[in-house]
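Below are two complexes that have chain A in common, paired first with chain B and then with chain C.
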Partner chain A sequence: MTTIRTEGTSFWASTMRSFAATVRRDGFGWLALVVLILMILGPLYSVVLWAFAERWQYPSLIPTEFGLRFWEQTFARADIAKALPFSIFLSVTVTLLSAVICLPAAYAFARIKFRGRQLLLLSFLATNAFPRFGLYISIAVIFFRLNLVGTVQGVILIQLINTLLLMIWIPTAAFQGVDRALEEAGLDVGASRFRVFTRITLPMVMPALSAALLLTFVNTFYEAQGALLIGLPRVVTMPVLMYSLINSQLVTQYGAIVSLVLWAPSLILLIVAQRLLRGGYLTAGFGV
Partner chain B sequence: MSTLDLVQLSKRFSGSVNAVQSVDMNVHDGEFMCILGPSGCGKSTLLRMIAGFEMPTSGDITIDGDSVAALPANRRPTAMVFQKYTLWPHMKVFDNIAFGLQLRHLSKADIARKVQEALELVSLAGYEDRYPAQLSGGQQQRVALARALVLEPKILLLDEPFSSLDAILRVRLREELRRIQRRLQITAIFVTHDQEEALTLADRIAVMNAGRIEQIDAPAQIYASPRTLFVADFIGAMNLLSGTVTNGRLAVGGLHLDVPMGAPGGAVTVAIRPEDLAVLPAAHPEAWSAVIEQISDLGHYRRAILEVGAGSSAFTMKMYLPKSFNPAEGSTLEVYPRRYLVYGGAGAAPFECVRPLPSEALTV
Partner chain C sequence: MTLPPPPEFKPRAAWRNDVVAYLLVAPPLLLMILLIFLPALQSIVRTVTLDIDGAPAGLTLARYAAFFEDPISRSNLLFTFQITLLTLAAIFAFCFPLSIYLRFNTGRVAAAVQILALFPLFVPGIILAYALIRFLGTRGTLDTILSVIGFTGYRTPYLKPQAIVFALLWESIPFTVLVLTAGLRQIGDSLIESARDVGANNWQIFWRIILPQITRPVLIVFSLNFLGIFGSYTLPYLLGPAAPQMMGVFMAQTFGQYRRPDDAETQAVITFLIASVVGFLYVRTVASQRSEREDL
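So, the complex of A and B:
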């Protein structure tokens, strides 16, 4: 009896010791990787399987039949055929409008010393200082009176508000990062102010601006709360549709397929962001 | 081949700071002019007005006789090398230098040739494809110089271009700049707070203080005859002593000096260069007894701090010890001021006094 317990203890102790040794030897990185893979891929695993499952019955660990039948059915749905192009249209429109409004403002914040500059810059945090949903509800009340609820304009407006912080703060910091002396050096060799902006200032802030634009696009594409409250019932975006597909559809595959489709923008963002950071002068200084 | 004239040039910033006050300056063709002064004296503002980055409050700037005061920076025939590194980080060295040429619509072949020449001038041929971040600080400032010179400006402006470099590199680039400026015979204006830099580079130095020009002269002249007390104190080592002139005798802390006829009366300041103090082997009616407080061996010469006079009227002075003279700290010696300047009322030119040197005197 005693012997067995001793054996058991020593077995566990040696296992723990060898695991601890592995972690020590290969560093913390491996452990972190494993945890990350489980946390990220775990839920995705089931979504991906569901998206390609024709049939999946209870005791089986993997679908009993694979196929693309539900993809055809999903894209044949009238609501999806309408919501997907609309979501893309909305994200592009909001990103462009936000750029037109915010980028000149960011340049002004960075370059012009005016009264109340700091306060105004801080005020863009205000939309993040309160619970979003509460804010949306009070905005919805105002929009309702203005007949903006359920309209495309209303959804565009609510999304624009969401983009302000990102599209002003990131570009402001970027413009501030361009030393004035670099612009003066441009004037000094004979360039006009416009050309200094397009040939010197803009290329230097481009990585940060692209990041802000991409984040704005993706955030708008994925935003559901505001779109739900202001848009329904007539204006439906993809994330809003996904909610209803997941919550109220008997066919699990619809939700899974839409989830996969909604992956695309963030995947593209990742690839583009990597391209931006690779090559060019940003990495030249690091000897890459 | 150009001249620059500043006429009563003033700049007043909105905070009611008079950055530059009524500056008159004529820079000759091919001249290397240094504007020297402590930080905050307005020298950079003056340069930035010439470049067009600041608009003067009043006064005029002319280049070859034509006023440029109303022209924006991008239409002035000047080119500047800045204090900070201002190469555009997203452009390669070639594009940095070529940018100004491209704006002037030169042909590709001409641009390539001129960029090549400019890079050779600053000894950086072969660096065309580097990004600024891949260059050292000294190389970056050379490229900045090439970028300015490639446009063949009438006036080359330099705003403390070497101040962020280490001492050895600073001296090397200074010599290189002088060589290039001589070779191109370009009119250059160089702003610095480093008097050694100014003294070695300049044909003439303009010493600035509190927005005003105190003196414009050749380096030797500035050193030998500083026109104001500020210049006397700012340039080189100087002993400044306060004294009083009565009946042709100058009293300094209980001791006396001769002053010739015509010297200012009343309260004055006497300026004596350390090297103008000679040592006498024995007591002498015109020499001052002093105690050596401290001797610093600086290699090529020894500097002594002296306590001159006795009691409450004693004062300290610096001097350089003659080669053949090896006193110990704490010993006494007889010093003889052989040349000194007497500054009277505010703004008046100094009165120079040179005394005959006794034959037995030891000098540096």
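So, the complex of A and C:
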């Protein structure tokens, strides 16, 4: 009996000692870790638990009663049932349109040495160089006169702006990275240019293209300010709906559940985060 | 012996090359001109040619005079400046030590710190706003945690300027840390070791060796965060006070609720003019960085 207890204490004591030693050695790291856990995970902890809470009374660290009753209620709401498929449709449309508009341009930027190339490529930084909301107001004033406010076309146009830089810069860098010698070897053995493009060029730029498409889709899906300003009252996307769920706050759970559902596309990003990070795609949208 | 090159690969006349290229880059370029440059330019022209009642008036500064005579407009602009500078200071104070730590440390703690620092990248602004209300609000998670460890008298920053600063800082951590650590990795270990060999202390190494080498990443982080904060809407709207407001919230209200698009336009142009210096700095920094890379 006594031996076990002594062993127990010495085990804990040595664990605590080595833990204390690592904390001393890497004090800043541990401090940063604790601050970040509280600061970054704290807010997310609240959302996730609220989504599964039936009741949550202060001051309890976890919900007083768990349950899924509010999930049914949330999806029974007509506005949510309508906004979710519409948001997905809108993001897919904007992403595909952006690809059709930008990818040929990216190919030209990468492959053709034309006058003004560098300057035109840099001009797309303008999408970041304006204070975003001021620009939206400027556009809204014009759209107002063109009767584009409250239309799907108007929302598509304003959301396209945010996709340009990413959809041009990432593919341009990718096309530049393709080894021309490989393509020429393909042509030398008699393959057609189309075949060389689909069999040699495309597979080599595919990782970058899929990253650009994925990032564009996710960014567009969460774009809220342009859609709010141009879309209302007739066009309502999921993020726009979140504004009213947050402001009215009749049932806390609605906002939490919609937040969790809205999170899904970001979770896809998170799964491929390592690859995105290694390719440098995560900061490409900022021009760096 | 090599085969003759296939006919498609014959060098085309230079002008034909240019025309094909211009046709291919025209669609996104046109979209940008129509949706960014034209609206911005038109707004600028309208603010100096329209009278306060919206009638054409030749060249006039009446709309600007009206803006700066209005105490609410003035206090909103000042508030936007204060929040922007305060948040920028918070971002640098928070992210600089973090980035230096991540540059010089490996191991499990550093890996966990990096994952957490990058995590906000995967939390969209609108969800963040909701999460922070639940976290920072009265009887929210932070309040609960503090009361469990015996601290009562928590005063929530929700609907106060502090909540805006905290939210904007939260959002900009990943981008800032990514760009700063990438810049710091360009500095070789040997350079720092040799400085240490001649007796430099950590502080001197930071000011004399590290900082001069990462001016470009610092400028990019400064300018993009400035523009992002100055032009923000969602977080200040949902988390900040009703008055004073940041310019984004103010513009949206003038445009949407008060139905005065002309006044909203003046407010927008004022933010353009103020931010244009920083926007120029951003474009120039990225351009010089790229031209250097292409030389390599």
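Quick note on the criterion: the second predicted complex is superposed on the first by the 231 of 288 C-alpha atoms of A that agree within 3 Å, B and C clash if a C-alpha of one lies under 4 Å from a C-alpha of the other, contacts with A are read in each partner's own complex, and residues count from 1 in each chain.
To be clear about the criterion, a contact is a pair of C-beta atoms (placed from the backbone, for glycine too) under 8 Å apart; a residue touches a chain by one contact, two chains touch by 3 or more.
Worth saying up front: this structure is predicted, and the values here are computed from it rather than measured.
In the superposition on chain A, contact of A:L36 is made with chain C only, not with chain B. In the superposed model, A:D79 makes contact with neither chain B nor chain C.
In the superposition on chain A, A:A256 makes contact with chain C only, while chain B stays out of contact range.
In the overlay built on the shared chain, the residue A:E65 is in contact with neither chain B nor chain C. Between chain B and chain C, C touches the greater number of residues of chain A. Shared-chain residue A:R117: touches chain C; no touch with chain B.
Once the two complexes are laid over each other on the shared chain, residue contacts for A:R199 go to chain B alone; chain C is not touched.
Look at A:E54: by the touch rule set out above, it reaches neither chain B nor chain C. Annotation: chain A residues 184, 187-188, 193, 287 touch chain B in one complex and chain C in the other.
Only residues 2-3, 5-6, 8-9, 17-18, 20-22, 24-29, 31-32, 35-40, 42-43, 97-98, 101, 105, 107, 109-110, 112-113, 116-136, 139-145, 147-148, 170, 174-175, 178-179, 182, 217, 220, 224, 227-228, 230-234, 237-238, 247-248, 251-252, 255-256, 261-262, 264-265, 267-269, 271-272, 275, 279-280, 282-283, 286-287, 289-291 of chain C touch chain A when the two sit together in their complex. Those residues of chain A that touch chain B in the complex are listed here as 179, 181-182, 184-193, 195, 199-200, 203-204, 280-281, 284-285, 287.
Remark: chain A residues 22, 26, 28-30, 32-33, 36-47, 50, 58-61, 101-102, 104-105, 107-109, 112-115, 117-118, 120, 122-135, 137-142, 144, 157-158, 160-161, 164, 167-168, 184, 187-188, 193, 222, 224-225, 228-229, 232, 239, 242-243, 245-247, 252, 255-256, 259, 262-263, 266-267, 269-270, 273, 277, 282-283, 286-288 touch chain C in the complex.
Chain B makes touch with chain A in their complex at residues 51-53, 72-75, 78-80, 82, 84, 86, 88-91, 99-100, 103-104, 131-134, 144, 147-148, 151.
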